[in-house]
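The two complexes that follow have subunit A in common; it is paired with subunit B in the first and with subunit C in the second.
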Partner chain A sequence: MRNGSGPTTSSKYARSSRGVDDAVKCRVCRGRAVIAVRRHNAGFCKDHFIAHIHRQVERTISDYGMFGHGERLLLGVSGGKDSLALWEILTVLGHEVDGVYLHLGIGDYSSDGLRFSQEFAARRELSLEVVDLEGEHGFSVPQASEVTARVACSACGLSKRYLLNEVAFRRGYDVLVVGHNLDDEAAVLWGNVLRWQVDYLSRQRPVLPASEEGLLRKVKPLVRVAERETAAYAVLRGIDYEIEECPMASGNTINRNKEWLNLMEERSPGLKAQFLFGFLDRGAAYFPPNPPDLAMCGECGQPTPGELCAFCRLKKATVVRIADRRSL
Partner chain B sequence: MKVLLHQTRREVEVRGPRTVKALLNRLDLVSESVLVIRGDQLLPDEERLRPDDFIEIRPVISGG
Partner chain C sequence: MRNGSGPTTSSKYARSSRGVDDAVKCRVCRGRAVIAVRRHNAGFCKDHFIAHIHRQVERTISDYGMFGHGERLLLGVSGGKDSLALWEILTVLGHEVDGVYLHLGIGDYSSDGLRFSQEFAARRELSLEVVDLEGEHGFSVPQASEVTARVACSACGLSKRYLLNEVAFRRGYDVLVVGHNLDDEAAVLWGNVLRWQVDYLSRQRPVLPASEEGLLRKVKPLVRVAERETAAYAVLRGIDYEIEECPMASGNTINRNKEWLNLMEERSPGLKAQFLFGFLDRGAAYFPPNPPDLAMCGECGQPTPGELCAFCRLKKATVVRIADRRSL
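After this line comes the complex of A and B, so read on.
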């Protein structure tokens, strides 16, 4: 029998001793719960779960000094649960946030993500900019992956980091906001610790500061909210989002790490949060930020430690090889 | 009951489980990785299930 499925389940989940009503009770109002957050040893009804998520994000923004009211925020939006839930939460909390959708050319997955993002923005009268990688730079993520033999998630991540900063900088935003949740950050940390990627550990923070050379401040307000909770929030708020996983990301390292962590979380509720916040509170000091000297990319002007930024190098290699193939 | 599994994009018939937790155990799924939905309602692990239920199991892991 798995842990948590037997009669030893915590009494705080309020099983009735009469055996008639086994439902979890809301921690706040004692009404019928729709979700149990095991790491908090608490159940929540719909309204109190939504309020709980809003409080978690508000506290995160405040504790880490992410941004204040009046700063211009740009959110990277994918059409998935995390970014759309975050857009909703920040708007409810009174922040003005614009969105940017990066169309990376990944077939129906990209088209569906765009549709969900546009419908969300239109319904709430929010501003969404669309950047088309192929239209503006002449290649898609699948093409970059294929012709350079680079792992798709690596080409994708590199392109997203570049494009988000580039558009936020060009449009004069103060802060770049991303929807990385607790599971995302814990899985990345897990991978970096397993391989002792010290450079990456020194960069893993909920707030990455701006640089004079043009990197915007980047913040992760969902870092205290688990992936399952952002999905539940989206469902409870009636947010339609892309459920299907990216076809190129299936089985990637991050997802595998998440599955392993979830197996451990099932046995030890709270383990993911302890792992991540233990690092941020007590471990990160041993891996101080060590930002490289940056200059302007000779091609695009974005900050880079080399002469050409990684995105321009990828773009050059991809576009040249696509042209070579076409001329054959 | 009928169960829609998004992860494998298939609908299966499952007989027997009386709670969400039992259903997840039967399907060898970890509750931390999925949401279980009936109609437009989220179901916690202890929720009782009926033989005529239509249940959606939605993965929550995404890593683009």
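After this line comes the complex of A and C, so read on.
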């Protein structure tokens, strides 16, 4: 894979953001550019790139009616570039945003992510809550994956969606904010279209509305910002973030789809944005939201289409089997 | 591009169909396979591959209710592997199919295609009509493309759709048959999804119904057969066909999309079929047919949503400019 087409570490991002051809000028001030954004056919100097990103996110929040000033926002923070960049951006834009870190028990990856998140929050005097999956629920994501023979990313995604909503609901927040960027959303859309998973297409939106049964409104303010741009933003703002990708996710479907999209983007700059926003602007209306009837989970009280929510089922299956193993 | 991932000539197809690992056995008789079809995880000997293709096409005709025995079928024939293989298959299946060759004036490509089509028809005593674009309408596709500065494939596609329907209608056929294969349909779908061209998604079906205004029912019996399989079928049945691709189409969007899909298919056998049939089985219902109101073209009487059909507009523009040039 060529440089710039699919970098996965901060050093690569930094290189791609610093290694811009000297001839590229900032679109705004004509000074030397530090980053070229090919799909906008534009270069930016440091200050104007940062301003550009702020404007992109502000416009996204406004265009999709994500939230207003005064609403209580809780951001899911992983310690990676996207969530920390988003926390910074939203704070600069004047929103009050608390963070929550989900400790999923994935070895150094989790403890490093926690450290980066805590350092970020401490330096900016922001409030970070930590939810410890193992401490509070008795199992980690690797354990759940192993003992239930479930794909790790599936057990993890399910746990994250549950825990984020649960804590946001319990603490009385208005809106749940997540750091999914343009590449994430395009790769998920891609996978859903390749298999025509029409139920998922109905749910792929930058704003998922709240439900009466206790699902919070969930918003994705970074959908207009590409992965290499959140990385460049973090580097340029001096944000220290977790460079490593999750060791359990390497080679998963979304990452494979990202690689394909990066190869195609390399050949046709703007393809990812065209694909994602073509869907949101024209395609999505053909897949109207089709929310299931929700009830309260008999175990935890969180909304679920069944009697027991998927998280409580996962927890039960995992904890029982961990106990079985210990008793052997 | 690796061998097998995107062959474009008959010799490559032949190699890939003949160069099968000796260990691969025919799924049916356990004899030595001449072709491996990875998406079906199956090998076939010559006879059982041919029977497999016949069955695939028969099933496609039946599943989509394309036509019945006794209906008068007109097949658009280019002299390439797909249309000649389809002519052979339909004849073997007991359908009476006449062919029509559209001579579009694309140099040796057109005259060679005509020759292969005529030889095929003569040897099997099938009826082939020839429509000569330049002789009957006063211009060729290269001229239309040049003088109107229109992309050649666009002028060509428009002319082919028009001429096929016009001749089938005039001659009183019931059904218009075209040789689009799985790769063609998947690549077109792909392009339409990348740009979310929702009007085109409403029209992408293996059967397009007839309209009262004179559009014939149009069917694509090869949608379940991949390009390398039609090529292998043609080679194994001893069909001589035009190997060269259209010189005006090289590098066009559909061919580029085919290359991407071939790379992905190489990695995930079955991906193209999953994508296309996922759409037809689940996605297409979300994009219901939305046919425009049609009237009769004021010039030629063929159905059109406007006053003058697109072909007559193209013809007018081209012929006028050719005359202008001659008078200079």
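As a convention for this text, the second predicted complex is superposed on the first by the 306 of 328 C-alpha atoms of A that agree within 3 Å, B and C clash if a C-alpha of one lies under 4 Å from a C-alpha of the other, contacts with A are read in each partner's own complex, and residues count from 1 in each chain.
Please note the rule applied: contacts are C-beta pairs under 8 Å (C-beta built on N, C-alpha and C of every residue); 3 or more make two chains touch, one makes a residue touch a chain.
Just so we're clear, the structure is a prediction, and the values are computed from it rather than from any experiment.
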For A:Leu194, decide between first (touching subunit B), second (touching subunit C), both and neither.
-> second
Subunit B versus subunit C as contact partner of A:Tyr286, first or second or both or neither = second
Looking at the overlay, does A:Asn262 come into contact with subunit B only (first), subunit C only (second), both, or neither?
-> first
Is A:Val147 contacted by the first partner subunit B, the second partner subunit C, both or neither?
-> neither
Can A:Val92 be said to touch subunit B (first), subunit C (second), both, or neither?
-> neither
Can A:Ala210 be said to touch subunit B (first), subunit C (second), both, or neither?
-> neither
In the superposed arrangement, does A:Met296 touch subunit B (first), subunit C (second), both or neither?
-> neither
Is subunit A touched at more residues by subunit B or by subunit C?
-> B
Touch check for A:Val130: first (subunit B), second (subunit C), both, or neither?
-> neither
The answer for subunit B against subunit A in the complex is residues 6, 19, 21-22, 25, 30-35, 37, 40-48, 58-64
For the complex, which residues does subunit A have touching subunit B?
-> 2, 4-5, 13, 15, 22-24, 33-36, 43, 78, 80-82, 153, 156, 183-184, 187, 226-228, 230-232, 235-236, 243-246, 249, 252, 254-255, 258-259, 262-263, 265-266
In the complex, go through subunit C and note every residue touching subunit A.
-> 193-196, 198, 260, 264, 271, 274-275, 278-279, 281-283, 286-287
